[in-house]
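Should a chain be cited, it is by its letter among A, B, C and D, assigned in written order, with residues numbered from 1 in that chain.
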Amino acid sequence: MDIGFIGLGSMGSAIAANLVRAGHKVAVWNRTPQKAQPLVEAGATLAQTPAEAARAGVVITMLADDAAVESVVHGPDGVLAGLPQGGLHISMSTIGVELGDRLAAVHAEHGQGYLSACVLGRPPAAQAAKLFVVTAGAADQIARAQPLFDAVGQRTFAVGDKPSAANLVKLCSNFMLMSAIEAMAEAMTVAAKGGVAKTTLLEVFTGTVFGSPVYQLYGEILAEERYRPAGFAAPLGLKDMRLIGVAAEQLRAPMPFLGVIRDHLIEALAQEGEDIDWAAVGLAVSRNAGVQPRSGS
Amino acid sequence: MDIGFIGLGSMGSAIAANLVRAGHKVAVWNRTPQKAQPLVEAGATLAQTPAEAARAGVVITMLADDAAVESVVHGPDGVLAGLPQGGLHISMSTIGVELGDRLAAVHAEHGQGYLSACVLGRPPAAQAAKLFVVTAGAADQIARAQPLFDAVGQRTFAVGDKPSAANLVKLCSNFMLMSAIEAMAEAMTVAAKGGVAKTTLLEVFTGTVFGSPVYQLYGEILAEERYRPAGFAAPLGLKDMRLIGVAAEQLRAPMPFLGVIRDHLIEALAQEGEDIDWAAVGLAVSRNAGVQPRSGS
Amino acid sequence: MDIGFIGLGSMGSAIAANLVRAGHKVAVWNRTPQKAQPLVEAGATLAQTPAEAARAGVVITMLADDAAVESVVHGPDGVLAGLPQGGLHISMSTIGVELGDRLAAVHAEHGQGYLSACVLGRPPAAQAAKLFVVTAGAADQIARAQPLFDAVGQRTFAVGDKPSAANLVKLCSNFMLMSAIEAMAEAMTVAAKGGVAKTTLLEVFTGTVFGSPVYQLYGEILAEERYRPAGFAAPLGLKDMRLIGVAAEQLRAPMPFLGVIRDHLIEALAQEGEDIDWAAVGLAVSRNAGVQPRSGS
Amino acid sequence: MDIGFIGLGSMGSAIAANLVRAGHKVAVWNRTPQKAQPLVEAGATLAQTPAEAARAGVVITMLADDAAVESVVHGPDGVLAGLPQGGLHISMSTIGVELGDRLAAVHAEHGQGYLSACVLGRPPAAQAAKLFVVTAGAADQIARAQPLFDAVGQRTFAVGDKPSAANLVKLCSNFMLMSAIEAMAEAMTVAAKGGVAKTTLLEVFTGTVFGSPVYQLYGEILAEERYRPAGFAAPLGLKDMRLIGVAAEQLRAPMPFLGVIRDHLIEALAQEGEDIDWAAVGLAVSRNAGVQPRSGS
C-alpha cells in the first residue's frame, strides 16, 4: 500500500520500519529530517512536507501531543491540504478526546476518512511488531487499515464507530497503568517500613493473583528505583493524565485516583526534574514516608 | 499430625476439610458447634473449648477479625491455656499487624511457638486446596507447619522472621485488590459515559498488559454490576482497609489511594446496606458520575 | 476619566454603574446590546465594537472566561486594535494565569499598558461598591487606575509587578472558598449522622474561631441546602478550579484538596444538572453518606 | 463548689487554676504529682488517687487521650469507684465518640451523672479563662456544671442530650482547623511558586472574606514556617483525625478531606519527627512542591 508516515520518534520510527519491512511504500516526514535517514536507507522515501506525505492517500501520524498533531494537519503544507478526497488519516498519537472529535469532523468536511488508532506498548514492543492497536471509526476504513495494523501489532481492538473512542480507551489504559504503579508504590513503601523487602512483596504479588505484565514490569522498576533514563517520561505521563482529566470533566465522571496520580507526578517532577520516568511516582510515595531515595536513582 | 482447628466459616471449613483429607487428625472448635457437623462426619473430632483444640500441640485459628481471635486466645478455656509448652499456634486470620505482634510476644512468654500464615484466595480456591499461604516467623516453625500448608495451598511464601510481616503482606494484598477494582471502576465509568461499553474496555485490558486474574475476575463483576450476594462482604473489606490504615499510620507511611478506597466503601455501605460485596465501590463510582445502578444490582 | 467597559453580566453591570455614578465617562459594549440599556439611561454611551470602547484610552473587560476575553481582544474590532498607544487595558475577569501573561505580553508589543484587576465579592457587594480589588502590574498603571478601583471597591490589594499575579491570587481565593465549603459540608454531614444538627454545628463554628463571612454565608447555604438559584454557578466554579489546576500543574505544586473539590463539583453537576450553585458540593457530600437531599433543594 | 480535677497538662493546669481563682475547692490529681505544686500553692489540695479526687462529688478529667481517660476511670482507685451516687463526671478531654458513649453508659449504671464538655482554644485562652466550652448531656447536669464552665470559658454551647455529641463537635472543629491550615498551605505554596509572597496572599485573605482568627493565627505560622516548638503537637492532631475518622466510618460518612490531612500529618511526622506542630502539614505541602524548608524551621 502507498502510505505516508509523519512523526519519527522512538515509537514512530519503529512502526514505520515495520511498515517498510512488510512491503508497503512509505513516504516519511519528520520535523527534523535527519531522523528519517535510517528509514530512507531501508527503502522509504523522504517527503518534504506533511502534505506531500499525505498525498499517498493513506497517512499515519504518530506525534507527541495535541499541538504537534494540529501543527501537521493544518496549513498549506498540512495533511488536510495534501490528502486526496477519499484518502484516510490514521492518527496513532495519544491525543485528547476532543481533538479526536475535531479531526474526525474536519476530515469529514474535506471528504476524507479518519481513524484513531492508538497503540499500547513501549518501544521494544513496537520494534518487534508486537503492539496492541486500539482503533475506532467507520468499519470500512478499519478494514482498509487492517493490513497496516497487522504489520505493526499483534492484535487489533475495534472499540467503536466514533474515532475518539479509541483515544478514550488509550487514555483509560494509561490511567490504569499509573494506578497499578501508584498502588504498588504505596504497598511497597508501607511494607518496607514494616520490614518486608519490596522484592519480597513483589514476589508474592506476581506469584499470586497479580501476575500480569504491568505488575511484573513496573514492580521491578519500583523495587530497583530505576527511574532514569525514562522509558516513558513523566511530563508525557502527566500530559496523558491531564487529557483523561479533561475528558472526565466534560463527561462529568469524577476520578479520585486520578487526582492522587497527578499530584504525585507533579511532586516527582518538582523534586527531580523533567527527565524522570512516570514510574517515579514511586519516588514521591517513598519520600513522603520519609524514605530517602537510593543514591543514583 | 495432631492439630486443632478453630473457626469454621466458609474459609475455615474448607481448609479444615482439606487437612482431614490429607490424613491429619483434626480437633475442630467453632463458636456455633453445628457448623462442625460435616467435618465430624468426615473424620474430625469436636473439641469443647479452644483450649481443648489447642491441646493437640499445633492449633490453627481462622476467624473473622481481631476481636474474635482475642476471644479464643485468652481466658481459662483459651488457646494460650490449652497449648502445651513447645506447641505452635498458626494464625490464618486477616488481623492487624499490632495483634500479630502481641500474639507472637504472648506465646513466646508461654514457651509456645507462633506463626502468622495468611491465605490468599476465595472459598472456591480454599475448597480446591489452591490457596496461596503467606507466612512469617521462625524458620523451624515454618518447616514444622509446611505439611499443613501443603495440604491447603498451592504455594507458600515465607516473608520474614517476624510473624506480623505476613499480616502486613496480606493487608497490602487486599489493598492492591481494592486499588485494582477502584481503578477499573473509574476507567469503566468514564469510558461508559464516553460511549465505550464496560465489556469492551475490559476486553482491551485483559487482552493486553492487564491480563491477570484480578482484573479478569473483578472486571466481570464490575461490568455486570454483580454485587450481591457478596463474595467478600464490604464491611470485612472496610475492616481490612482500616487495619492497613492503622499500620500505615504507625509506620508513618502515607497511602492516599487508601483514603479514596475507604471513602468509597463507606459510601457504598451508606447507600446500599451492609450485605454488599467490596467490589461495590464500583457502584459508588458510577453513582457519583450520575449513573443509576441497574435495577436488581 | 474617559473609559470603555466591556462585559455587562451581573457583575459587570453593577461595576459599570458605579463608574458612571462616580462621574466617569463610560462607553459600554456587550455582545447582546440590550443589556446596556439601563447604563445608557444612567449616562453611559453605547459603543458598537470592543475597539470603539477601547478608544477611550482606558478599557475595562469583565467577562465570563478566557475564550470570551480572547474574543473581544483580537481581530479588527478588538481591544488591541482600538486602544491607543499608551492606553491601558484593565482585565477584571477571572481568567487563567497563562492568559494573563499573554495579554500582558501582547499589549506591551502594541505599546499599551495592561493590568489584571480581579474582584472579590458577589453581585450585592458589586452593587454597593464594596468589592475588594486585587491588582497587579506596573505601579504607575495601578496609580492611574486607582480612581476607578476606588469607585467600585472598598479596598485595593496590589500583589505584584507581573499582572498575572492578580489572576493567581484570585484563583487561590476561590480555591480557599471552595475548601471552606467542602470542609463544612463534610463536618456537617458526619455531625448530622451523629445526631448534631447542621445549624448547631454552624453556631459553634461561627461563635468561636471560624467567625468570618465565608463560614457564615456558606454555612447557612449548606445548612438550608439552598443550591438554587445559583449565586455562583457550579460550572463557573469548576472552570476556576480547572484554571488553578492548570497553574498548579505548570508551577509544579501538588494541590490534593483541589482534586477532592473538582470531583465533588463534577459529581454535583452529574447528578443535578448545570444550573446549581457551586456550594452544591455539599449535596454531593451528603449523598455520598446516603443522605437524600430535601425535596425542592 | 467542691470539685476534683484530674490531669494537669498545660490545658488542665490553666483550667484548674481558674477554678481555684473563682473560689471553688479543688482537689487535684496528676500522674506525676510534681505538676500539682503550683496549684497547691494557689489553694488546691492534693488527692492521692483519682478516686479520692472524685469523692468531691463533681470531678473534671482533662487528659491526653482515650487510654489516659480509661486508666483513671476504672479500677479500685478510679473515678467510678470514688464518685458518690449522684455525683457528676465532666470529661473535658478530646476523646472518641465511642468512649464518650461508653462513659455515659457506665456512669449511668453506677447512678452517677456524666457530661462531655470539650474546650476550644489553646493554652493562652485557657489561662485567660477565654475558652469556648462545648458540652452535651442532661440539661440539669449542664445547669449544675455551668458555674464551672463560666469560671474557665467565655461562652458555653450545649449541643445535645447525648454526651458524646460534644466529642463529635470538638473533633469536627479540629477537622475544620486542619482543613483551613491545609487549604492555606496549598494556596500559599502555589502562589509562592508563582511569585506571590505568602504574606501577600495572607494579607488578601484576612483583609477580605477570610478574616477569622483561624486564618490569621495559622496563616502567620505557615508564612513564617514556625513549626517548633509545637503549640499543638502533630501526634495529638493525628490522634484527633484518627478519632473523627473512626466516627465517620461508624456513621458511614465519607470525608475525603480527612484522608488528605491524615496523609500530610503522617508525612510531616515521617520527615520531621514527633515534636512538630500540627500546622507542619504546611511543610509537607511545600516539600511536595519541591520547596525546601527554611533552615531552622
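By our rule, a residue touches a chain if its C-beta (ideal position, glycine included) is under 8 Å from a C-beta of that chain, and two chains touch if they have at least 3 such contacts.
The structure presented is a predicted model; accordingly, all values stated were derived computationally and were not measured.
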### Task
Quickly list, by label, the chains bordering both chain B and chain C.
A, D
### Summary
Outermost chain relative to chain D, judged by CA means, is A
## Note on the structure
Higher number of C-beta pairs in contact (A-C or A-D) found for A-C
### Message
Centroid of chain A to centroid of chain C, CA atoms only: how many Å?
### Response
37
### Gap in Å, rounded to a whole number, between the CA centres of chain D and chain A
52
### Summary
Touching at least 2 other chains, the residues of chain C are 248, 252-256, 258, 260, 263-264, 266-267, 270, 288-290
### Query
Inside the complex, what are the residues of chain C that reach chain D?
97, 120, 132, 134, 155, 157, 159-160, 162, 164-165, 168-169, 172-173, 175-177, 179-180, 182-184, 186-187, 189-191, 193-196, 200-201, 203-205, 207-215, 217, 244, 247-248, 251-258, 260, 263-264, 285, 288-290
### Task
Give every residue of chain D touching chain B within the complex, in rising order.
238, 242, 248-249, 252-256, 258-260, 262-264, 266-267, 269-270
### Query
Considering the complex alone, what residue numbers of chain D touch chain A?
256, 263, 266-267, 270-271, 284, 287-290
